[in-house]
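Worksheet: the structure to be examined is printed underneath.
A, B, C and D label the chains in the order they appear, each numbered from 1.
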Amino acid sequence: MVQEILKVRDLKKYFGGVMAVDGASFSVEEQTIKGLIGANGAGKTTLFNLITGYYKLDSGKIFFKGERVEQMPTFKKAQIGMVRTFQLTKALSRMTVLENLLLGPKMQSGEHIRNIFLRPKMVADEEARIVEKALETLEFFDLMHMKDDYAGALSGGQKRLLEMARALMTDPKMLLLDEPFAGVNPTLARKLVGRIKELKERGMTFLIIEHDMTLITEVSDTLSFMNQGRIILEGAPEDVKHDPRVLDAYLGGG
Amino acid sequence: MSILQVEGVVSGYTDIDILNGVSIHIGKGEIVSIIGPNGAGKSTLLKTIIGMLKPRSGSILFDGRDIAGMTTHNIVAQGMGFVPQEKNTFPSLTVMENLEMGAFLRHEFTDILNEVYHIFPVLKEKKNHRATTLSGGEIKMLAMGRAMMPEPQVLLLDEPTAGLSPKLREVVFEKIMDINGTGTTILMVEQNAKKALSISHRGYVLEMGENRFEGEGSTLLEDENVLKLYLGE
Amino acid sequence: MIDYLVAISIIVGIYAIFAIGLNLEWGFTGLINFGHVGFLAIGAYTTVLMNLSGAPIWLSMASGVVLAAFFGLLVGIPTLRLREDYLAIVTIGFSEIVRLFLLNEEWLTRGPMGLFGYDRPFEAMIPFDYNYFLFILVFGSLAVIYLLLEKLVHSPWGRVLKSIREDEDVASALGKDVFRYKIQALMIGSAIAGLAGAFLAFNMQYINPRNFIPMETFYAWIIVVLGGSARNKGTILGAIIVQSFYTGTRYLQDYVPLASHQIAALRVMVIGVLLVLLMMYKPQGLLGRKEELTLGQ
Amino acid sequence: MLQLIINGIVLGSIIALAAIGLTMVYGVLNFANFSHADFMTFGAYIAFVLNVALGLNIILSFFIAIAIAGALGVLLDFLVWKPMRRKNADLVSLVIISIGLSIIVRNAIIFIWGGSTRNFDLPVRRGIEMLGVTITHNQLIGLGTAILFMVLVHFFLKNTKLGKAMRAISDDINLARMSGIDSDKVIMWMWFIGIGLAGVAGILYGLETTIRPNMGWFLILPMFAAVILGGIGNPYGAMVGGMIIGLSQELSMLILPSEYKMGVGLGIMILVLLFKPKGLFGGTKA
C-alpha cells in the first residue's frame, strides 16, 4: 500500500508583505520521484527552504513520515532522513572532495569526542567503512581523480555532483534536489537520471526542482506545477506538460 | 544603425559560464524581447550589459562605444538604464527620493519628473511615502520610474511583470509601450513570452546561454521549435 | 644563557598553549573570539585563589580549567546562534568585564595589588632550578594538547567543525547539530586558555589584572594568523616568532634614541601592522596552503 | 538621580555622535569596525596639539582636527578598505584588519604623545546650578555641539544629494550603482564624515573628561551597543541608541558600582541581539 512520506498542507510565507508561498499543498508518496516545475519566482526554492526548515513558515503544516515537523530544526530533519541540496551549490571549499563526502553519514560515532578517545577501534572501523563507501560514490560521480583536491577548486557542474554525492552519503529516506542537473554535462545528467531511478527502486523518495523539461519528464513519476506560490496542477508528467495552464505560465497567458 | 550591439559575449559567475557566446542587436527606438526557458541566461545577459558582470570575451557596443568591462555607474552615465527584477527600489527612501536618486547624474530633472508622474500618476500621489509601504505593483512602477529619470537611451527591463496579477501585467505592458513612446529603446527579458513578443518589434530566444532563434515578435511565437524548446520535446 | 633561554621558552610555550586553543575556535570552527584573554584570566585567578584558600595545587589548576570551560559555555549559549561578528563584540565585552571584576572586587582578588605567595606544582620537591621543571611541565602539556587536538581535528568530529567553518547551512542539512559543536569548540578552547592561565601564574609568581588586557587576546590572534589558521604546527611556530620578536626588541632602547614607552608602543604597533598586512596580503599565514585563498570567492 | 540623567544625556550624545559613522560603515560595508573609537581619540589629540601645543583658538583647532580625522578616514579607505572591497574580502578578514588598525592608531598616539592624560586649554568656569543639579560649562558646550552636529547630520542625510546617495547605498549598493552613483566616491565621503564625527565626539569627550590614549577604546562597546540597538546601518537608530546606552549606563549607578557601567551597555546589547536582532528601529542588515 502506498504511503505518503511527505505531506504539506496550506504552507504560507510572506517576505515583508510580498507573498512568496501562498498556500501550497501537496504530498509525496514513498518510493516515488516527484518533479516540481514552475517559472522563476513561482516559489519553488522558498518551498524547499520551508520544508527543510531554513525559513520559518507563517502558517501551514508539514508532515514527514506521519509526524508534524514544522517546528523541527533542520539538522533533526536530516537525522530522520530528509536531506536537501542547494540551488547555489555549497561546496565546503577548504575541505577536500573526499572529506566533503565523509561528512555525509549520519550519527558517526567519531563525531563524539568521548568515542574518539574511549573507543578508537570502533571509530576507526567505522571510518574505514565510510571511506570505502565514499570512494564508491566518487567513482560513480566521476570525481575520483579529484578526491584529494579542495572542493573549492571544482567546476560548477562538479560542485553540483559533489553536493548530490554528499547528500547520498547520509542514506536519506527522502532527498530534495534543487536543480540537480544545471551545469552538469548531458551524458552525466543521463547517468544521474538512471542512478536516481535505481535509488528509488531501493526505497528512496525524491522531490526534484528542475527546469530542464526533458530530464524532469524522464525521471519523474509525477510532476507538480507551481505558479504564484501555489501548486496548481499535479499528475503524470506527459499530462502536466501538455496542460494549457502550464503552457500559459511558461509562455504567458496573453 | 543599432544602438546596442552585443557580439559573442561569454559571461557568468566565478566558476560557471552562463552565456556561451550570445549576439544580439537592437535598433534605435525598438522594443526587443528576450525569451527562453528558465536558466537560459536571460538575466545574466542583462547584468553583463549593465556591467554588474564582466564579460570574459566578446564586445558590447553602445552607440558605437565598447562598454564591455566598464563600471556600472559609468555605463549608466553613458545612457543605459536598468530595472532589476527584484531589489529595484531603495526601501527606506521615499518615492520622491527614489526618483531623485534615479536622476543622480542630472542637475535638472523637473521635466522628466513630470513625465514620470504623468505616466505613473500613483507615484505622484504617494511621493512622500517610503518605498517599503508600496504594494507590489506600485513598486514595479517606481522601479521603472526611477530608471526613466536619467532619460536613458536604452532601458533594460528584467522580468517586469514577474509576480504580478494578470491585470497588473497588462498595465505594466502598457506602461512599457508608453515609455517606448517617449523615444526610449527597450530591451526586456520576460517569461510572459506571448504578451512580451506581441508588443515587441523583434525577439530573441535564448537557450543554454546561446542564441536559438531570432525574428519578429509575432512570427516567433508561431514557431513550432520555440514551443518545443520550452517544453523540451 | 641557558637559564635565559629556558625562561623565554616557557613564555613561548604558554603563548603557544593559549593560542592553540584559539586556533581550535577560529582556525577550525570559524568562531571570532575576541575575548580569549578572559578565559586566560579565569584560569589564572581560579588556580591562584583556590590554592590560596587551601586547595591542593592540582585541584586548583583543574578548577581553573573547568571554570574557564564553564564560562565558555555561558558566553556561547546566547551568542553562538547569532551572526559571526556579534560573537566578536560580545566576547571582547566579556573579557573586559572579567578584567573589571578582578580589578574592583578587592575582597576576592585584592584588585590592582594582585595576588602572590601561592604554590607551584612540586615546587618543594624540585632540587634544581624550578624553571627547568616548569619548562618541562609547560612543554609536556603543550605536547599533550597538541597531540590531542591533532587527533580531534583529524577525526570525524574535527571534520564537522571544519564544515561549520565553511558553511553551517550544509552542516545542518547533513544532520549535524551546529550549535552543539560550536559550544564544544568554544568550551575546549576556553579550557585550554584556562590551563595557559595557570601556567602564566606559575611562571610569574604574581598576577594582577594588568596581565589580562585585551591586547593579550590579539597576541594570540597574530600568532594564529601568522602561523596559518587551522595549522596547529603553525600556531607553535607563530608563538616562537612573536616571542622572538619581543625578546629581540627588548634591548632596542640601548641602541635607539627613544623613550621606553615609545619603544613599547612601537613594538605593539608592529604587531598591528603585521596583522593588517597579513590579512591583506598573506591571509593563509606561513604554513597555510596558498590555493586555499582563491577558493570560494 | 536628576544629576545622573544629565550626565547620561551628555555621555549619550557623545556616544550617539560617534556611533553614526560606525553604523554607516557597518551598514554599507557590512563589517564591525573595531578601530572606529580610536579615531575619536585621534581627533581629540589633534585638537589638543593644535590648541595647546600650537596655541590655536579652540574653535579653530576643533574644526581643523575634524578635517584631519576625516582625511585619515579617507586615506585608510584608499590604502586598506578599497583594495579589500576589490578582493571581495569576507567580513571576518575586515573585522580582524580593523582590530589591527585600532592597535596601530592607539599605539601611534602613545608613541607620539605618551600615555599620560592631557587637558584642553580652556578657562575653568563655574557650572550652572539648577534644581540642585550642576551642569558644568563643558557639559553644556558638549551637549550643545553634539546636538548641533546631529541636526547637521539629519539635514545632510535628508536634504543633500550626497546624503541621500549615502542612504541609497546603505539600502542597496547595487541599485545605487545602477542609478549612476559612483559608490566608491560616496563611500569615501562616508568615511570622511563618519570618522570626522568620531573626531567631534572625541574632542567633546576629551572636554568632558580628559584626553588619554585609551579614551576611545573604552567607548567602543557602548558604541556597538548603540548601533545594534538602533539597527545596523540606521544613523537615526544609532543616535537614539547612543542616548539610551548613555542614560542607562549612568542610571545603572543607582544599583551597580560605577566600575561596571560598561557592562550595562553589553547587557542591553545581548538582550537586543537575542530578542530583536534587527534592532529597535530596524536596520538595513539583519
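What we mean here is this: contacts are C-beta pairs under 8 Å (C-beta built on N, C-alpha and C of every residue); 3 or more make two chains touch, one makes a residue touch a chain.
Only a predicted model underlies this, so the values are computations on that prediction, with no experimental measurement involved.
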item	value
Target chain D, source chain A, minimum contact steps	2
Contact-richer chain pair [A-B vs C-D]	C-D
Chain centroid nearest the full-protein CA centroid	D
From chain C, the most remote chain by mean C-alpha position	B
Between chain D and chain C, distance of the C-alpha-averaged centres to the nearest whole Å	30
Chain B and chain D, separation of their C-alpha mean positions in angstrom	41
Of all residues in chain B, the ones touching two or more other chains	none
Pairwise touch network: line, ring, star, complete, or other	ring
Every chain pair meeting the contact rule	A-B, A-C, B-D, C-D
Chain A-facing residues of chain B, complex	13, 15-16, 37-39, 85, 132, 135-136, 159, 162-163, 166, 190-196, 198, 221, 227, 230-233
In the complex, chain A residues that touch chain C	52, 54, 73-76, 78-79, 83-86, 90-95, 99, 102-104, 106-113, 116-117, 123, 127, 150, 152-153, 166-167, 170
Touch list for chain D against partner chain C, complex	31-32, 34, 80, 83-84, 87-88, 91-93, 95-97, 99-104, 107-108, 110-111, 114-115, 221, 224, 228, 257, 259-260, 262-263, 265-266, 269-270, 273-274, 277, 286
Complex interface listing, chain C residues touching chain A	151-152, 155-157, 159-160, 162-163, 165-167, 169-178, 184, 230, 291-292, 294-296
Chain B partner contacts - residues on chain D that touch it in the complex	161, 164-165, 167-168, 170-172, 174-183, 284
